[in-house]
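These notes open a run of structures that come right after.
There are two complexes below, and they share subunit A, which is joined by subunit B in the first and by subunit C in the second.
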Partner chain A sequence: MREDSGVTVIRPEGPIDVSKSLDLRALLGEQVASSGGKVLVDMGGVPLIDSSGIGVMVAAHRRAEEAGAGFALAEPSDAVAKVFNLTRTDRLLSIYPSVAEGVAALAG
Partner chain B sequence: MTPSRGSADALWPSVLEVVWKTDDYEERLDGLLAFVSDATGLPDGYLYLADESGLRFHLEQTRARPLDDPSRVAPGPMAQSLEGGAESIGPTPALELVRTAEHEHEGEVATVAGPMYSLPLALDGELVGIIQTGPLPRGGISRGGRHKLDELSSPLAAAVRQARGEQVLRQRLQTISAQLETGQKLAGSALDVGRFVQLLLELGLRATRTEAGFVAIVDPDSGSLEIRAEANLPDGFAERLDLSPDRGLFDWAPASETGALVLRDLEAADRLGIRSVLAVPLLEGQEPLGVVALLNFGAESALSGQSLELLETFAEQIRLMLHNSRLFDAFTERYLETVKGLAQSLDVRRPYTHAHHERVTEAATTLAGALGVSPAELDAISTAAAIHDVGMAAVAELEGGYEADTEHPAVGASMIESLPLHPWAAASVATHHEWFDGWGFPKGVKGEEIPLGGRILAAAEFLVERATTDPVGPGLQVEELVTEVEQRRGSQLDPHVADAALELLRGGRLDLGQNVNGNTRG
Partner chain C sequence: MSEILVISSRVEQIDEARRWLAGHAEGALDPESIQEVEIALTEALSNVIRHSYEGDPDQTVEISLSIDADKLTLAVTDRGRGFDPATYVQPSLDEPAEGGYRVLLMEQLMDAVCHERSPDGKSTLVLVKDRIPK
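Here is the complex of A and B:
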């Protein structure tokens, strides 16, 4: 986790499944609530995500929307991008090709 | 020192031999990275391949020292240890590189995995990929190592392109084979949606190397999900699974806007012992039709880009199946209403056939109920009774009022036999003039060769006609009907059906409707 232009960048590592999602939910919930409203999840280290992980991302997205905060994802691998596409959540979430673009969008 | 052309040319067969000696794609790429490692003395290597756009490179193969190698500075480049389940404690190589001018030239680069030497794999002006090798020693790569890499660039590019090309063909072949297998199996089970969906689920699990799964379909009336097919689910899993729309495992709320489907109840998934789950929505436009869920309980998910493509193929097949099923159900309903309308229009041609189909339907369903048939069979008999004489519409009427009607059961049956109805529906229409002793028409079949639906329909129509006043004679009273049935028991009428009819007649429980004179019969 790091700060970049006022945006909290969180970089999970490894595949996100049910047990990882439980941890990730706690971390994201905390950050969305306390980060001043700008959280970017760098997906560059995530080779695969399942529906539980996507549920966590959507929950964080909703929570940020309700709080008037910013939440986005960046740099998904092809497989991860495919999962977002298959579940149609790519239409719901803000997903940027690179961390730099995600940070710029949230910071702006 | 400029390398001699001779020594560079000698590298080609050595590099290509790495590709030729195995069919396995990963072994081929690993062999090429090992070749680079041997040539340079640098232990770690990362192969990135250009995507179709040529604007990005994806990490395709890694060859790195094991985590417990003492030469690695902990945490090493490939460490994926997690803190709090989400944070990395060590750098990893980038999974994707956005192409820049820097990638077209070999040289030292700073990467998240440390200082590496980047070698472009170029062939015929095309940048096939990049190999990053390292970690670089203090002072950088040796002149000898740099020279060897320079010589290796083109043969490695050719070898990678060869391996990648074959792999793409294999993946296409696998996808086509899966589609072909699906198509062949589907062709043998037309209209059986349940079997289709089960088959597609099993094929999908096999193609994606997933442990278990289910397909749940949205009930159009209640909006809730109901499991229609399942494979390898643990005992009791389906019973413990809550799929209700308001609080169940999946959240359908976003579906109204985007068609999105997410897992809502993480704790429930954890309690159910699910390690990973991938739920794909099946949509008709934005309307949810159902969900395909792939589950792993013990094993780590083996889903990859390719298996996700296959999953999409299977999900689309299931969606199409449900879509076609819904269309066909709607068509069947409308078509049957038309056929029933045609049958009723025949009834009004003569005063003594008024409401004939309606009366036969009432009698046939009463008889069928008394005989204890299943709800599906009862429904089929009701449908058959409602249209049983519709084939008369296709029969020429002869002078003097006599009708060449021996073909009307077959004609009527042919009008509904292609519909996805219970087999008794068409069979009952086809056999409602057959006699139990074989003296009926059109085929003269007998006994239990005649489906029970046909035997019931035959008795119902016989009773309605005998209770109706027509040019042949006055409608019969209950006692006379009882005598008629007793006389025909075992000859024209199935003895069991006849017995049921007799019991109903004697008990005043068989409504044969009103005849032309308005007298209630039965």
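Here is the complex of A and C:
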């Protein structure tokens, strides 16, 4: 986890599946809960995501909306992007091709 | 070829199952297809561990893998409550949800998904990925 232009960048490493999703849900919930928080998940280290991981991202997005915070994802691999696309959650979530673009969008 | 892996019903074991699958599928499928099968296997195992066995960590799950000229077939077998994908109601894709995508992903990422229940109480989910000739 690091700060970049007022944005908290979280970079999970490895697959996001049911064995990791509870911890990640708690971490993201904590980060977006504070009003005005800006959280970007750098997906560059995530080769795979399952339905529980998708649920974590949708939940974080909704919590951010409720708290007036910002939440986005960046740099999904093709396999990860495909899962967001198949579930059509890519229509809800803000997903950027690069971390720099995600940070710029949230910081602005 | 055909191989069998037996894991305990713990979510931490899913990663081992994916590695086992990827190791055997390498060369038989393209990397993108292997990732798709890995996701489908993850969903199948999650379903067994969390729902069929209701979180009981002391059960076992058998995964059989066969690869022939036309297809890769995974069969995930448990002795829990079982699950029939035919009873699954897909969530509305117009309203993104926090769950409910497990069967949708298996069906979208694989070429065939079916469920078998044997008289001795075994429940088997069969996942098939066609091999595309090079």
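Basically, the second predicted complex is superposed on the first by the 105 of 108 C-alpha atoms of A that agree within 3 Å, B and C clash if a C-alpha of one lies under 4 Å from a C-alpha of the other, contacts with A are read in each partner's own complex, and residues count from 1 in each chain.
Everything that follows uses one rule, which is that a contact is a pair of C-beta atoms (placed from the backbone, for glycine too) under 8 Å apart; a residue touches a chain by one contact, two chains touch by 3 or more.
Source: prediction; values computed, not measured.
Contacts of A:Gly44 after superposition: subunit B is touched, whereas subunit C is not reached. Legend: residue contacts after superposition of the two complexes on their common chain; A:Ile10 is shown touching subunit B, with no touch to subunit C.
More residues of subunit A lie in touch with B than with the remaining chain of the pair subunit B and subunit C.
In the superposed pair of complexes, A:Arg63 makes contact with neither subunit B nor subunit C.
Comparing which residues of subunit A touch subunit B with which touch subunit C, the overlap comprises 15, 17-19, 47-48, 50-52, 54-55, 58-59, 78-79, 82-83, 86-89, 91-92.
On subunit A, the positions that touch subunit C within their shared complex are 15, 17-19, 47-52, 54-55, 58-59, 62, 78-79, 82-83, 86-89, 91-93. Of all residues in subunit A, those touching subunit B in their complex are 1, 10-15, 17-27, 44-45, 47-48, 50-52, 54-56, 58-59, 75, 77-79, 82-83, 86-89, 91-92, 97-98. Contact residues of subunit C toward subunit A in the complex are 11-12, 14-15, 18, 32, 35-36, 38-39, 42-43, 46, 49-50, 93-94, 96-102, 104-105, 108-109. Touching subunit A in their complex are the following residues of subunit B: 58, 80-82, 84-88, 92, 94-96, 98, 250-251, 254-255, 257-264, 266, 269-270, 274-281, 283, 293, 296, 300-301, 303-305, 308-309, 311-312, 315.
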